[in-house]
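These are the structures, in structure tokens.
In the two assemblies presented below, chain A is common to both, partnered first by chain B and then by chain C.
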Partner chain A sequence: MSAVDTVPQRAGRPDAARSRLESIRILLRLTLLELRRSPMPLMLPLVAALFWFDALRTGENLPAIWTQRAAILPDHVLPDLGPVAAGMAAWVGGREQRRGIGDLAQSTARPAWLRRLAGWGAATGWTLLAYAACTAVIYVLAARVVNWGGPPVWPVVVIGLAVAAFCTTGFVAGAVLPGRFTAPLAALGTLLVTVMIFQSAVHAASGWVLISPDNSVPQLDWGVFHPVPPDLPIVQAVFLLGFVVVLLGVLGVFSSVRGAQLRRTASTVLAAGLAACVACLALAATAVRGNYGFDISLLHDAASDRPIPYTPVCTQGSAIPVCVHPVFSADLAGASAAFAPLLAEVAGLPGAPTRVMQIDNADLPLPDAGPGHADFTRFDAWSTLAASPGGAPVLEFGFGDPYTFNMPGAVSNLRDQSVPLVIGHIVAPNGNPGPAQQAVERALIQKAAGAPADPNQDPSTPPPTAAVAAAAQRFAALPSAQSHAWLVADLDQLRSGQITLEELP
Partner chain B sequence: MNNIDIEGLTRKFGAAQAVAGVSWRAGTGVHGLLGPNGAGKTTLLRMIATVIEPTSGSLRLLDRDPGAHAQCREIRRRLGYLPQNLGYYPGFTVAEFVEYFALLKDVPPNRARAAVAGAIERVGLGDRARAKLRTLSGGMLRRVGIAQAIVNDPLLLLLDEPTAGLDPEQRVAFRAMLREIGERATVVICTHLVEDVAAACSEVALMNAGRIVFRGGPQDLVARGERVTGDGGSGDSPLERGYTAVLAQARR
Partner chain C sequence: MSTLIHGEPAVRSSRVATGASLARLFQLHLTSRRVPTAAVALLLCAPLLQWAVRSALGQTGIAGARVSAEQLSLLLEAVTAAVVSAALHGPFGESEKIAGRRLPWLRLTTALLLTALALGAVSLGVLGTGQPLGTYVVVRDTAGLIGIGVACTTLVGGHFAWTGPAAYWVVGAYALTDDWQTPWTWPARPGDDVGAAVCAWGFLAVSLLAITIFGPGQRTHD
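Up next, the complex of A and B:
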């Protein structure tokens, strides 16, 4: 009696479910064997070196925001790990042919697809282990500096699947086209994919190219005030999963030269993967850049756009507090310094903002775009004057560059926007300022912004007359305490037009 | 029952015909397949091992048709095969390599470990079970190949040059093992070494130019040598003389 005959179910037609279960058990055992002896760990030193040199060093300089830190995964970890994994997997995929195992393996009962799946499983397992280690390091280091929010999961899922897709591509290439050049070509090919195709998708605002897992540099406050919508990551993940399934189907078709049933199964797997890929490409083509990420109308859940609650961090002890989102608490001092000259001039005046508040960039109206289209590719920072729910004015601002408050030009721009807004609101809340109001505005702007007001800044404001300019110079020359005291006492009269140029101190 | 039933089997590689109409039936026992280089022995063995398909002719193994996928799988579950050039994964240990093939041969996972240990013991590598294959000598690797071939207790065991690299002591032990397996299974040894055939085989088939030119017991081959020695047979042993005589006759 042979070893295989000793199992009862083998004597007759095996029950299909038991047979499948046993196939899975055998696949698991084979995969464990392959995992133990896979040459994939040989890539780990190279991956570690690339990871340290590229991903880790870059990550240290990124803002301490989860979405920014998570962007290291598509931008650096994928190009560092993917091509190496693809090359190694191609080497492993072609191993059977290279080692002359073909005849021996082909004479065994289990289909070639099964043993190749075991090899693929081990190669992918090691690759994902390396990826998990890289991700863990990035997230642990991020957790030490990020002071608000939690680690985003979708980038981990999408890039994990992308890495698996790279590995699978290499493995299938190695199995289908075994040869000494397959491994380097697989590594080079996948590197080119990351460099050329992925990078061309980085600045895309719409279109199927968004299916690329590395398609966007997240804006500074994405995922801070509102959650990043999961629409596109879902589509990307399903596409990558479908792509892996397609490749495994190709492997199955290639491995099942004999056996119509296996070929049918492999073809079905291939078709299912292909269908998923096509559907996801079609969905990605409908994606548009929204306020908080990319939206796909068919998948978008409006509930996911609800703001994330937070308690702002504010300056203490000042008459008008400056507040930022806790994620940006490191920028509080910079923001406070940027607004300090203005706030010193207007504190205590009727109509002055009760606080200065950082808001979601998406809610800031930009000069040439309406609200909800804040794009900080041209503006480092911007501000607007709004009313709080109680009606008190609030100076709102946002910034799109992590170094905004270290850049004198950006700070100057921010002052140039906010100072006329606030002072105009205080001195002439109803618009159409009279000569005295114009003079005080110009004087205050000069004091608060540290430079004479630009007469061309607001085209709706008529150029000042010589008398207005002279009065403004006179008012600006007053000590701040004196001009401030005068405003506290006489602002109502100034607003109502009861004060002439000559009456200005 | 004939575990091997071949009728008019041919195999072509392009224009070259490696096997040219072989008919052969073999039941339980140890069968030697002899022949010079290029005679078609390995090609015939690869067809019987279901590695390559015949160009024409009929092939039935273990009373099943290897051309039908389900039946082929049944054959392979009961098949042991040692190819002429044994490939191996150098990073695997002896036990892992044998287990790998045990699983591929459908040995149930819960019995695989015991089957592997038994096979490794039978080829005398019990003390090297955890050694990496890259550390083994050629003879030891050959024994690993034999272990994987017998791990599923095959009913049809095909060995291509199994004793290449084995020392005399190992060869003696190996032949004894073959005789034991041959009591209940069909064993085919493809070899150049006539002493292996003399010591272990109950039947011999001699191939030349893709055809079987002699079939019978080792004694029959010896007798052919004695009969035709003056007619071209040469060699150091009676079996060798029979071998060369038959070949000389076939080439005429």
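Up next, the complex of A and C:
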């Protein structure tokens, strides 16, 4: 009986499982060793400088909305961190060949793939640590200014995987094609690809280019009134994961030239990653730019389009309150000032809006063509008159530019567009205004908009007759209190066409 | 004795030998710096630049197409600068510095040759593309970027010299978007801006002088 025979077998743990655990333990130890020895921390000062210069400074000027602040991750953190990580990882990946220890390393007990996986793990670990720090800074700073909602998680996941993909690309390039030009070409090449794809994707309404994590600048109110659908982020995350797996498979195939078993495993990994990438590309090709984000019909859950409940912030003490989403509470004063002249003229009149309410820009019925469409395209702000659930009219408005109420042109456009809408509804709710109604409309529009009504604004409206224009001038010249009192008393008769031009005060 | 009798042919033969050995030395120096590979990489940048600028400018009716073309152009200029700066890395370190007295001239000649190649490549790259800022601006910007890259080679060595042009691209892209006026961000300045020209060409000249005198940094091992 030998000594080996006397050693009792551990119950319930087969040799194969123990061997696998041992391999994992060794890989972890190797990775920890690589983490300690990795030159990746050399990139941290540069990444920190780029992060401060580009991402942080840009982020400070973005609106205090979670979706907007989270967009710094794909639009700035990824181009700042990803290429530097790719370049550094390429340098790390080419270490064995650069130091001429390839043959020496081949004689070690562990396979080359495992050895390189440890190096890759350390490089990716350092990169993800830098990414986590950048994300934490952005989200902490955002949390101090955003007053509604919670931090979006999907951008963090997708960009984290994208950063890992950059790092892996560089590492594999360095391992497979070692040389002095590999690091610069990996860094700037990945940056070039990112910029080129962003350029194609940013204006794309659909197509496979949307697979890029840096594919759009989100609309101002995405994720505010409705949740951003997770369709595309899911596909992007799986694609990036598949891409990393493909690259690791390539690394395995190149590293395991002498081991048939390992080469088979690497080929399987490579095929699995490729399958995931192809499937995700096919799914991304069906993505379309929806009202609240990108939708993929196969993955889209209609329930995710339900509005997010919120309590609007409204002006206090006014006859007709102006309300905005709490995220836009800083714009309440601007919105109130924009609609104030109109509301002063129509408050208390039958048919006047009971409130002015901000809604999702995507939910506004926008003009498809004509001057109205051009105005909307130029100023990204619009309004419409709708009925509340109780039947009372509500003036709804939306805007897509964070500086809408600081731009006189945009405010003037919003005012010019909403004033005829509301006044027309009050004076001639059934359309086809008579001469007296036309005159009162013109006078009120002049008072509320601060300028004479432009007969060219709506091509379908004929220019007023001289008598109508004269009556309008006469009515507009009345003090506001007097004209308002006359309207309160005589609006019903005016609407029913019982008042003639001559009877107007 | 024969040299004394037949002095002139011997001197000529010696000069020829010296010329041949110098040529051989230069060739070996270029090979050790991977200049042929660098030349191929630089020349490949020309069609890439053509394609990138044309595709950016081809986005008709889209706001920002012009800035996008300028940023892409700047990025490929940064690629050429990174290639030049990586090629100037010396693989032999201190031993080379003490062995070769002609090394500074070899470094200068190599740097000038690669710079000329890079400038030629970017000129070809934007030829006929309608690049908004014009060919001279692209050449000026590339010269400045090469200056940054070569300065980084002198300071931290060729392996990490690409970080300089890459980082400056971020600054330059920002300057192009926000239309910065300072001459230090020369990519955002027009061709007739004297300050930008002085900064870019001055940076190149000072960096070439520095690499000639001090050689590439040896902080990292090849």
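In this text, the second predicted complex is superposed on the first by the 479 of 505 C-alpha atoms of A that agree within 3 Å, B and C clash if a C-alpha of one lies under 4 Å from a C-alpha of the other, contacts with A are read in each partner's own complex, and residues count from 1 in each chain.
The rule is simple: contacts are C-beta pairs under 8 Å (C-beta built on N, C-alpha and C of every residue); 3 or more make two chains touch, one makes a residue touch a chain.
None of the values given here were measured: they were computed from a predicted structure.
Applying the stated contact rule after C-alpha superposition, one finds that A:S107 touches chain B and leaves chain C untouched. When both complexes are overlaid on chain A, the residue A:R99 reaches chain B and chain C alike. Once chain A of one complex is fitted onto chain A of the other, the partner contacts of A:A132 are absent, as it touches neither chain B nor chain C.
Once the two complexes are laid over each other on the shared chain, residue contacts for A:R29 go to chain B alone; chain C is not touched. In the superposition on chain A, contact of A:V145 is made with neither chain B nor chain C. Counting the residues of chain A that each partner touches, chain B and chain C differ, and the larger count belongs to B. Contact with neither chain B nor chain C is seen for A:A282 once the two complexes are overlaid on the shared chain.
On chain A, the surface patch touched by chain B in one complex and by chain C in the other comprises residues 99. Across the interface of their complex, chain A is touched by residues 46, 49-51, 69, 72-74, 76-79, 81-83, 85-89, 91-92, 96, 99-109, 111-112, 115, 148, 151-155 of chain B.
Contact residues of chain C toward chain A in the complex are 34, 37-38, 41, 52, 55-56, 59, 62, 68, 71-72, 75-76, 78-79, 82-83, 85-87, 89, 158-163, 165-167, 169-171, 174, 221-222. Interface residues of chain A, counted against chain B in their complex, comprise 1-7, 10, 22, 25-26, 29-30, 33, 36-37, 39, 95-96, 99-110, 114-115, 258-262. By the touch rule above, chain A contacts chain C in their complex via residues 42-43, 46, 49-50, 53-54, 79-80, 83-84, 87, 91, 98-99, 179-181, 183-185, 187-189, 191-192, 195-196, 199, 203.
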